[in-house]
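What follows is a pair of complexes built around chain A, which joins chain B in one and chain C in the other.
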Partner chain A sequence: MAAESKTRRIAVVNRKDVVDAVGEGLRGDILDLGIAGIEGVRHVRLYALHGALSATELDRITTGLLTDPVTQEHLEIADGGLPVAPGEWGVEVWFRPGVTDAVGETALKGSRDLGVAGIESVDTGRGYILAGPLIRSQVDTICRRLLANDVIERYACYEGGQ
Partner chain B sequence: MTFEADDTVETFALLKATDDEMTQLSRDGMLALNLEEMRSIRRHFSALGRDPTDVEMETLAQTWSEHCKHKVFNGVIDYVSGRNTERIDNLFARTIRKATEDIRRAKGQNDHCVSVFVDNAGIIEFDDDYHLVFKVETHNHPSALDPYGGANTGIGGVIRDPLGTGLGGKPIFNTDVFCFAPPDFPYGKLPEGVLHPKRVFKGVVAGVRDYGNRMGIPTVNGAIMFDERYLGNPLVYCGTAAIIPVDRCEKSAEPGDLVVTIGGRTGRDGIHGATFSSIELTDASESTATQAVQIGNPIEEKKVLDVLMQARDRGLYRNITDCGAGGFSSAIGEMGQDTGAEVHLEKAPLKYGGLKPWEIFLSESQERMILAVPPDQIDALRELCASEDVEASVIGEFTGDRRLRVTHRPDAAGSRITVADLDMEFLHQGVPRIVRTARWDPPDHPEPPTAGRPGAAQSLVRLLSSWNVASKEWVVRQYDHEVQGGSVLKPLQGARNDGPGDAAIVRPVLSSDRGVIVANGINPSYGDIDPYWMAASAIDEALRQVTCVGGRIDRTALLDNFCWGNPDKPDRLAALVRAAKACYDVAVAYGTPFISGKDSFYNEFSDGERTIAIPPTLLISAICVMDDVRKAVSMDVKAPGNSIYLVGRTRDELGGSRYYGMLGFVGRNVPTVDAAAGSGTMNRLHEAIAQGLVAACHDCSEGGIAVAAAEMAFAGGFGMALDLDAVPRDPDADRDDTVLFSESNSRFVVEVPRGREDDFEASMQGIPFGRAGTVTGEERFLVRGLGGDEIVSTELSTLKEAWQRPLRW
Partner chain C sequence: MSKTSVLILRAAGINCDEETAHAFRLAGADRVDPIHINAFIQGRRRLSEYDVLVLSGGFSYGDDLSGGKVLANEMQSKLMEDVETFIGDGKLILGICNGFQVLVKMGLLPRTEPGGRRQEATVFYNDSGKFECRWVYLRRNPDSPCVFTRDMPETIYIPVANGEGKVMLASEEVRTRLGPGGHIALQYINPPWAGAGVAAREITAVPAGMAAEGTAGADDGEATGETPYPWSPNGSVDAIAGICDATGRIFGLMPHPERYTHPTHHPRWTREGCREPDGLHIFRNAVNHVRGAQ
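Showing the complex of A and B:
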């Protein structure tokens, strides 16, 4: 039976024992903003795969293309968003419609090169998991000042455990 | 996959429009056409008896934009200085281009220029097989809105310039120069709609890194300047050099040749980029300018490059240019200028559906090149492109009627719908020339009081850790400066590969020892006193750096890149006139021709209350052919016991210096240039280096002798003892801080191997020089002042840490 066309969202993160340089750099930048409550930042690469994919095909793309098995691991995320624990905030940043997504185009071609014919398109985004006692207005400031560029991107942020 | 366009074509009701309505039309459509230009267009279409289509208006607007036509440089300027008024008819032709013409005539047989100002980049001779191509561009406005994407496409765009020069050059290195507000600018003072300078800085560096590295082109040279006035308008200069076979420099398009687009597909990216760059940014720009932002795809461009190099060598096309500002309209409009061209828009591959014809024609989607392909070669080109996974599409043909005709898909009856039909003559020559007034009022900045200045040692440490002087290693380390395997002298040098090099050297043909030197000169602070001496100093600085590593000025060519505020304002325009006049005077005196350049105006930001203009900023890039790279000299001291010489005269020229800036002053005595003396010094020093009499050489620029000598010492890991009494100087340069920190031009700190001092001194006869110190085995930096007292005695590690700490991110 052919798989039904839908969107699967994949998050790729560094393994626990691998330094998250992007996250560490951002933590410093957030401190520079005067937000002293920030305790940690984890950087997440996000992919939205659109198309009719079987479980085997999805696995072929995620492990064979999107993830470096030596340093990274991946998980599929539900519509609820990133896995955010209480006391943490999740942030997702995606391109606005019409903005060229070169990595997405390359991921699409790579998927087809792997023989996955049912894939229709790939969008890429970035996710961040912010740890520390932050309030929404601070998270908004972080998003506007550092994480998302309103000209080309939109963002969503949500608190863990809500 | 193919996508369908939206067929809507509108006409502009111009024939019956009033002046007010035309002004409104221009503003609402973001056309950036002034009233006089709108009237010219109305006159033209009145004679034709019809209104223009949106495709025609948009094409005219972008072709006539300041970005494409350089209306200020080519216009008429009444330059008022004191009681004198000078009418300058075409500033560019009378300064920059005239310098090149005069130099080439004077050099006669020794002229090394091949192609200047006419193609996408300048070309000079390299060796029997190859010529050298060089271009520097700016991508300021897009980088202000989206630092990563703006810088990304800045480097992507400038790589396509040499690729679109002649029949296509192969890129050999990139150079990048940025101007930002200081990274510690208070967040609370940030105007609405402006990104914080630290974010701009990080985004721009990441954008350049990701494009250059992924294309496999080494980034070997650059500079970063900081000034608060760059807050709303950061500057991003990107440059690329290439080599091109000597028999591939000529191009033409013949009637009957096919118009072929290869590479990326067309989307809405960068719509209105050319006209956008001719408008001042406001706090509303952030959202209204979404379409002006472009996103780069270096992998696509790399594939295009690989295909083109093969197609060039097989002679599959007759002409090539890149799609830059204005997209198809500009590329095809310029290539077909002498023949005429017909374009069928529905044949252009689209990224997504719904684009209107004018959007397809004007889109600035990246990674696209336009070729003129003889019909009998098109199959071979298609086959080659398919083999490299590059899309190639025939979208029209060159005609013989000197018209630019654009058609869209055939209607139901099968006849083509013409959406634009423009006379090439009117398109390219019809723009009215502007007449502007420039008014020069020399500023008067007080000198700082001499009492209460910090001591020499403390000043040196503070200067080393100022943003402009501090190590840029955090940036340099992100760039690949080794790829292609030809890098000889790299941006970081010395015992631990962390000292600041002057110029970089690349060996583009690995079977030969012939090299290319690249350097840059820039110092906007001097322009606060006099833009004339700012420009003169920038040329001198670039040539000093070329000399330092072993280059010679008679084999050097220059590029000029002007970034300015609004030239409609008389003071800004006067600064431009003065800088351009200096370019003529100093380039001619040194015999170094300009081969290409670019200008970017309207770098002003308005938040509703205040308008902040950038300081007038001229980047001079120098490129030089070096016969034998094995003679190259780096800036780090090499061995204890060697002698340190100061070459060139030190004057009381602290105006605009980093030292005065540190004291909170601008001052009066801006560094001047005596090019006759300077070229003598540089030529002799070149000879001394060629004879192996120089172990290390560093130019004196920001921070003067003190900073240059300290950098040489801690880069080499050896101490230095200097005696200021031995420094050649004017009598009025009689204070320790003047001698240490003055930024007089045409000066060098030179290390001479022990035992070769007599030979070096003999080679320098007639040039101001002084044996001012020695390299020591002790890791201290010592300076004896004019009175004989020890005024600096500081551990090297203290100096180096001060210099490295600020940007250790």
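Showing the complex of A and C:
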């Protein structure tokens, strides 16, 4: 039976024993904003794959293209968002509709190079898992001033355990 | 004398092709062609026309997903049969910076078992989280079968320019196979002048089995098996800067030898005088090997 066309959202993150240089740099930037409660930041690469993909094809894209086999791992995320534990905040940043997504175009080309014909388009985004005793207004400040460019991007943030 | 023909493979985002072609011409190659990968995928040209295949530096496909990944997959899916024939014919492959990332992610390096295609390593983001662009000191492994570094000085000085230069291995088992096979052709080392008296505890750390000049016995004398930042610009395992396969004919390195092919490229040439450029030596070795093999 042919696969149904739908959107699969994939999160790619460094393995826990691999240095997250982007996350560590952002932690310093958040401290520079005067938000002392930040304890850690994990950087996540987000992909929304649109198309009719079989389980094999999805695996081919995620393991053969989007995830480094030595340093990273991936998971499919539901509409509920990133897996965020109590005491953490999840942030997703995606382009606004109509903004050119050059990385998405590359991911589309890379998927087709792997022989995945059913892929129709790819959107890319960034995710962040913020650890520490933060309140929503602080997370909003972090998003607006650091993580997202409001002109071309939209963001969503949510608290773990809610 | 036999002719030497070199292919510099181009793709979207590659930006060191002309400098690399210039380096090979300086080294004496008779024919150097920078040609786009599509010419080979579409069958208009063939890899078999050449003696040396070069993947030069740059940011293939923007390094959008990770350094060299998309080009590596493209070559694997569309050119791998020709590449294997090229290797089987005893020809040379050189990957510089982005090209090194491509070779590693294709599974062609370190390729500890001839014919293996498993990705045994990766090249990941620098520990510093920054793009590192400066000159570095390297130590050549005299026990390596690497064709490209043959007879070079023990200490080499050339620039790096990368954001993803950290070599990491898939397992400890892969690591144990690299040393005996001489796969680690180049390692980052402390500069010769950073000896005793300069932050001794950190500076004395040198790659396993390799004593940096002027540092032995300083302070606590305990080598950690790593060359510290900034001398290793990225935090590579065992300070790896360049790797070859078991035959020594496939070689990749993060630094840019094509950026030191004239004596005046050296940042201190006016004070220290002109010397044989270390980078040019790598290209000459390739050309001489081809001539000797024909």
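One rule holds in what follows: the second predicted complex is superposed on the first by the 162 of 162 C-alpha atoms of A that agree within 3 Å, B and C clash if a C-alpha of one lies under 4 Å from a C-alpha of the other, contacts with A are read in each partner's own complex, and residues count from 1 in each chain.
By our rule, a contact is a pair of C-beta atoms (placed from the backbone, for glycine too) under 8 Å apart; a residue touches a chain by one contact, two chains touch by 3 or more.
Please read these numbers as outputs of a predicted model, since none were measured by experiment.
Contacts of A:Gly25 after superposition: both chain B and chain C are touched. Applying the stated contact rule after C-alpha superposition, one finds that A:Asp59 touches neither chain B nor chain C. In the overlay built on the shared chain, the residue A:Glu76 is in contact with neither chain B nor chain C. When the two complexes are overlaid on their common chain A, residue A:Glu39 makes contact with neither chain B nor chain C.
Touch criterion met: A:Thr106 reaches chain B and chain C at once.
Of the residues of chain A, those at positions 25, 102, 106 touch chain B in one of the two structures and chain C in the other.
Residues of chain C that touch chain A in their complex: 61-62, 64-66, 69-70, 73-74, 77-78, 119, 121-122, 124-129, 168-170, 235. Residue ranges of chain B in contact with chain A, taken from their complex: 145-146, 148-149, 187, 195-196, 198-199, 202, 267-269, 286-287, 289-290, 293-300, 351-352, 365-366, 809. Interface residues of chain A, counted against chain B in their complex, comprise 25, 28-29, 32-34, 96, 98-102, 105-106, 145-146, 149-152. Touching chain C in their complex are the following residues of chain A: 18-19, 21-22, 24-25, 64-66, 68-71, 102-103, 106-107, 109-110, 113-115.
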